[in-house]
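Next up: some structures, all given as structure tokens.
In the two complexes that follow, chain A is the common piece, with chain B as its partner first and chain C second.
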Partner chain A sequence: MSAARVAWLFLKVGVLNELQYRVNFVVQLFQSLIQVGTGLAVLALVYSHTDELNGWSESELLTVLGIQILLGGAIRAAVQPNMVQLMEDVREGTLDYALTKPEDAQLLVSVRQFRIWQLTDLVSGAILVAVGLGGVERSVGPLDAIAFGAALSLGGVMIYCFWLLITTGSFWIVRMEHVLELFEGVYQTGRWPVGVYPLWLRYTVTFLVPIAFAVTVPAEAMTSRLDAGTLALSFAFGTALFAFTRWFWRFGLRHYSGASA
Partner chain B sequence: MGRMAVVEVAELTKTFVVPEREAGLRASIKALVRRKHREVHAVEEISFEIGEGEVVGFLGPNGAGKTTTLKMLSGLLYPTSGEARVLGHVPSKRERDFLRRITLVMGNRNQLQWDLPALDSFELNRAIYRIRRSDFTPLRDELIGLLDVGDLVRKPVRNLSLGERMKVEIVGSLLHRPQVLFLDEPTIGLDVTMQKRIRSFVADYNRRYGATVLLTSHYMADVVALCRRVVVIHHGRILYDGDLARLGAEFAAYKTIAVDLLDGAVSLEAYGEVVEREGDRVVLRVPKEETARVTGRLLVEQKIADLTVHDPPIEDVIELVFAEPK
Partner chain C sequence: MSTQTLPEAGRVRSVVDYYLTMMRTSIVNQFQYRVAQYFYMLGMVAEPVVYLVVWTTIANESGGEINGITTGEFAAYYIVWTLVRNMNIVFGAPYWEWRIREGRMSADLLRPLHPLHNDLAWFAGSKFVLIVLWLPIAAGLTIAFEPTVDPTPLEVVVFSIAIWGAYLLRTMIQSTLGMLCFWTTRGAAIFDLYITTELLLSGRLVPLPLMPDRVETVAAFLPFQWAFFFPIDALVGDRSTAWLLGGLGMQLLWIAISFVAFRIAWRAAIKRFSAVGG
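Up next is the complex of A and B:
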């Protein structure tokens, strides 16, 4: 409970920090619009040639795109900045301060930054999801909505774990910044349901970089095609990944030597 | 001493394995394939104890192992071997009870939120350390008053000067009223007035709360002002542990004799090395064991108005200690 309080306070401080840079809001809004625009253009282009893609209609894919943008915004708001800061702290030795605090170190390094303006993507993503769902024939039931919420949360946790695993690597390998760009690239695959990809890539974006769990599975929930087995798998994999990440983080901490003064 | 030991260190050792290569492109490429490693013994089997309320200075040149020791004591580094206990805890376990009772201040790094007034960062610390509002506010205001930073805590940290930032940092790191303070170069880069201010504050805090302080500093003045006891560390080993005052007697090979002559014209070269001559005043440097004999001869053979014998300044002694081969 008190851990939640600490996280909440950091969130507040993060917002205070960001409010000082209001220009960022305009820039971010602009980026968000471009992102939505190109996404829509590509979708329109594909569906000018076909009515469905691997069983997904245009409206349904609009929902997928919306979820991808929405989650992308959440990652860039809450996960990525913290991990970038962590990499910097490891390199410069400022992680020392986080480690001498009587609070769970993993929690502290995960909540220190919050980029509120990235939440424009959250809004534009949500709008796309709503518009997409408006075009879907079947209506979304309460069970679908609950499954969607669960799948999306699990997906978010998995993406966070993926980031922390990679970032923990900076305890041994100092330069990890390129991972950031790599992730951005791979994350774009989430715009399409994983079913459209060849098998090897499908496995990669499911288990190696858990984008399928984060985007496709929630989208399946919203379009009533999710079966309980997939959700259970998502839950099992998410839990296992989180446990492993926590172990790996602690293992990494033991190897942290800090930049010398 | 009889006081409870707050810090207990027994044969504490830290060895780093670092990659090593020659300079240049060829060596870089070779290092990609086969990496050479070297063991660096940052701290080797050091042992000491610090009692409750003691202020101990940790002296040593760069790379002597001071910061490594401090980091092991604050739970940041796992010792390679040996044992450390602080307030009865093993630091590397990083137990909350332990972390809540210590603080680490590093002069060259800052932990406050850069873009926000320090008051916001203080609130964060209040949440992290779970300090009750009724305890927090009076102590915060007391510390702010002691360091005279009332105006500064409302400005964004990025707008503060180095010295101002350090004072505000110190307030932030003491809000949970730690019983043990690890101060690593707290006055580095600050001007003399600011150094003095921080020094007297540390002394004050030690008196008020009976806190135990372990301090490293490049500035002897810090150590002289604050610490009766010093631990001298060099190449990862302890060279001296005891009263600061006795350090001179132990390590200095010479003493200085200041003589006020009645007749300033005479030469005193025959008695020892003349290090200073100003009018009728001459300062001689003589080997320690000859001090008594030379003093006697001077008093008998010369017409002297005044004569005093001094230990050399502590800076010179330290320099001498570190100049000695390992």
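Up next is the complex of A and C:
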């Protein structure tokens, strides 16, 4: 269990670090409100021209928006900062400090940072999900809730894998800082159920960048649309992706010769 | 760069020279990092594609058009959008924060030219790279979404001028906003608010006619649409000559207003500035 202990310790240090900067909380809260406000304005605008988008009502899409914001907050809190640091470490040659430690390197590079204030998005996203569900006529059963939890966790893991896969690329390509913008841009596709997209784009945001698994599938669970097959596919794909990421990370490491003195 | 004071005639020439050199350097520099640029551009393309898909879906569900805008016209709007968005990338307000925090400001102030010249010239140069890199993306989007666009020669000319007007206008707005960084280190929240306001009122989210009437009225009194909606609509819309030329006039007016605002803010800011680092 030493892996869990290491992760927990890093989490604590990360939280303590961030707690020093309390004004950041207010700033983050403000930004979170802006994000929610914009999302609501866009939804209102879309539904002023229609009643149903690809079979999804406004309340249901509010749930989708909530999940997208919630997961986005979790990614920005726990995944993104670590990956950005990893890219920087590769470029600056400071990755060696992590690699020479006795713990598993993948674990270490994945838990070094934690931006606790980003979790305001977790809260605002959860509120949106709740409000959205309040407007949905079908009730949410315990099975739906379990499926939702499973789908969301799988989605989170897949996004992490995607990030690590891309970041591992920095062993070969040096300038990767725009990847952040690329992800942020593509992640916006998660605001809408994946069914609205043309086929090529649907496959892209499902298998290439697993946003559909991370946002649409949990939203389907919450709105009782999910069938067991989709959830099983999500599980299978998530497992395969995790295994592949692990392999690719090691493969990248073997090609990495260090850049520091 | 020579630090000696130059005679007035030489000064204009040396500024022009400076611009040309900076632009050339920027072009060479940006071409070196083509892959990085493409990542950036592909991330940006996701946004209009999402809008386009959503509006196309709604249009298809309600008989092929919304408020008279057909799916083909939506496609044209959002494909031209991607170019205008690229022209809208400027030395933004957050970079002023970076410039001050990292101590670059002190060095920039020592130069004989205002730092704004550097920002304008560098990003203007990178536009040429962006436009070249944009062409294949535009071709791909055209194949995927089948836009209907049929511009007159005048519209093409106005568009070609308007995208540079948009670049200049947005640089001035962002630089003025960037002056806030001389007073606070937490501009991020304000910049977010600005970006959201701009998103809703510039035509970046939807063609402005789709906005509620009240919003459209508010937008008419603000500069944002002249840097975004106007250039796009000049090319893809079906507008009168008076409207097209009036639009260029509005751009010029807002560039002048934001330039004056920037000058005032800059004077106040530079009095406050007490170097960080060096």
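One rule holds in what follows: the second predicted complex is superposed on the first by the 260 of 261 C-alpha atoms of A that agree within 3 Å, B and C clash if a C-alpha of one lies under 4 Å from a C-alpha of the other, contacts with A are read in each partner's own complex, and residues count from 1 in each chain.
Please note the rule applied: a contact is a pair of C-beta atoms (placed from the backbone, for glycine too) under 8 Å apart; a residue touches a chain by one contact, two chains touch by 3 or more.
Note that this is a predicted model, so its numbers are computed, not measured.
Superposition note: with chain A as the common reference, chain B and chain C can be accommodated side by side. Legend: residue contacts after superposition of the two complexes on their common chain; A:173 is shown touching chain C, with no touch to chain B.
With chain A as the corner point and C-alpha centres for all three chains, the angle toward chain B and chain C works out to 90 degrees, nearest 10.
Of the two partner chains, neither chain B nor chain C is touched by A:68. Counting the residues of chain A that each partner touches, chain B and chain C differ, and the larger count belongs to C. By the touch criterion defined above, A:20 lies against chain B but remains apart from chain C after alignment on the C-alpha atoms of chain A. Legend: residue contacts after superposition of the two complexes on their common chain; A:46 is shown touching chain C, with no touch to chain B. Once chain A of one complex is fitted onto chain A of the other, the partner contacts of A:234 are absent, as it touches neither chain B nor chain C. After superposing both complexes on chain A, the closest C-alpha pair between chain B and chain C lies 7 Å apart. In the three-chain superposition model, chain A touches chain B and chain C at no common residue. Those residues of chain B whose C-beta lies close enough to touch chain A in the complex are 16, 67-68, 71, 74-78, 94, 96-100, 102-104, 106, 108-109, 111, 113, 115-116, 120-121, 123-124, 127-130, 184-185.
Residues of chain A that touch chain B in their complex: 2, 5-6, 9-10, 13, 16-17, 20, 92-94, 96-97, 99-103, 105, 108, 254, 256-258, 260-261. For chain C in complex with chain A, the residues that touch the partner chain are 33, 35-37, 39-40, 42-47, 49-50, 53-54, 57-58, 61-62, 66-67, 144, 186, 188-189, 192-193, 196, 199-200, 205-206, 210-212. Those residues of chain A that touch chain C in the complex are listed here as 23, 27, 30-31, 34, 37-38, 41-42, 45-46, 48-50, 52-54, 173, 175-179, 181-186, 188-189, 191-192, 196-198, 200-201.
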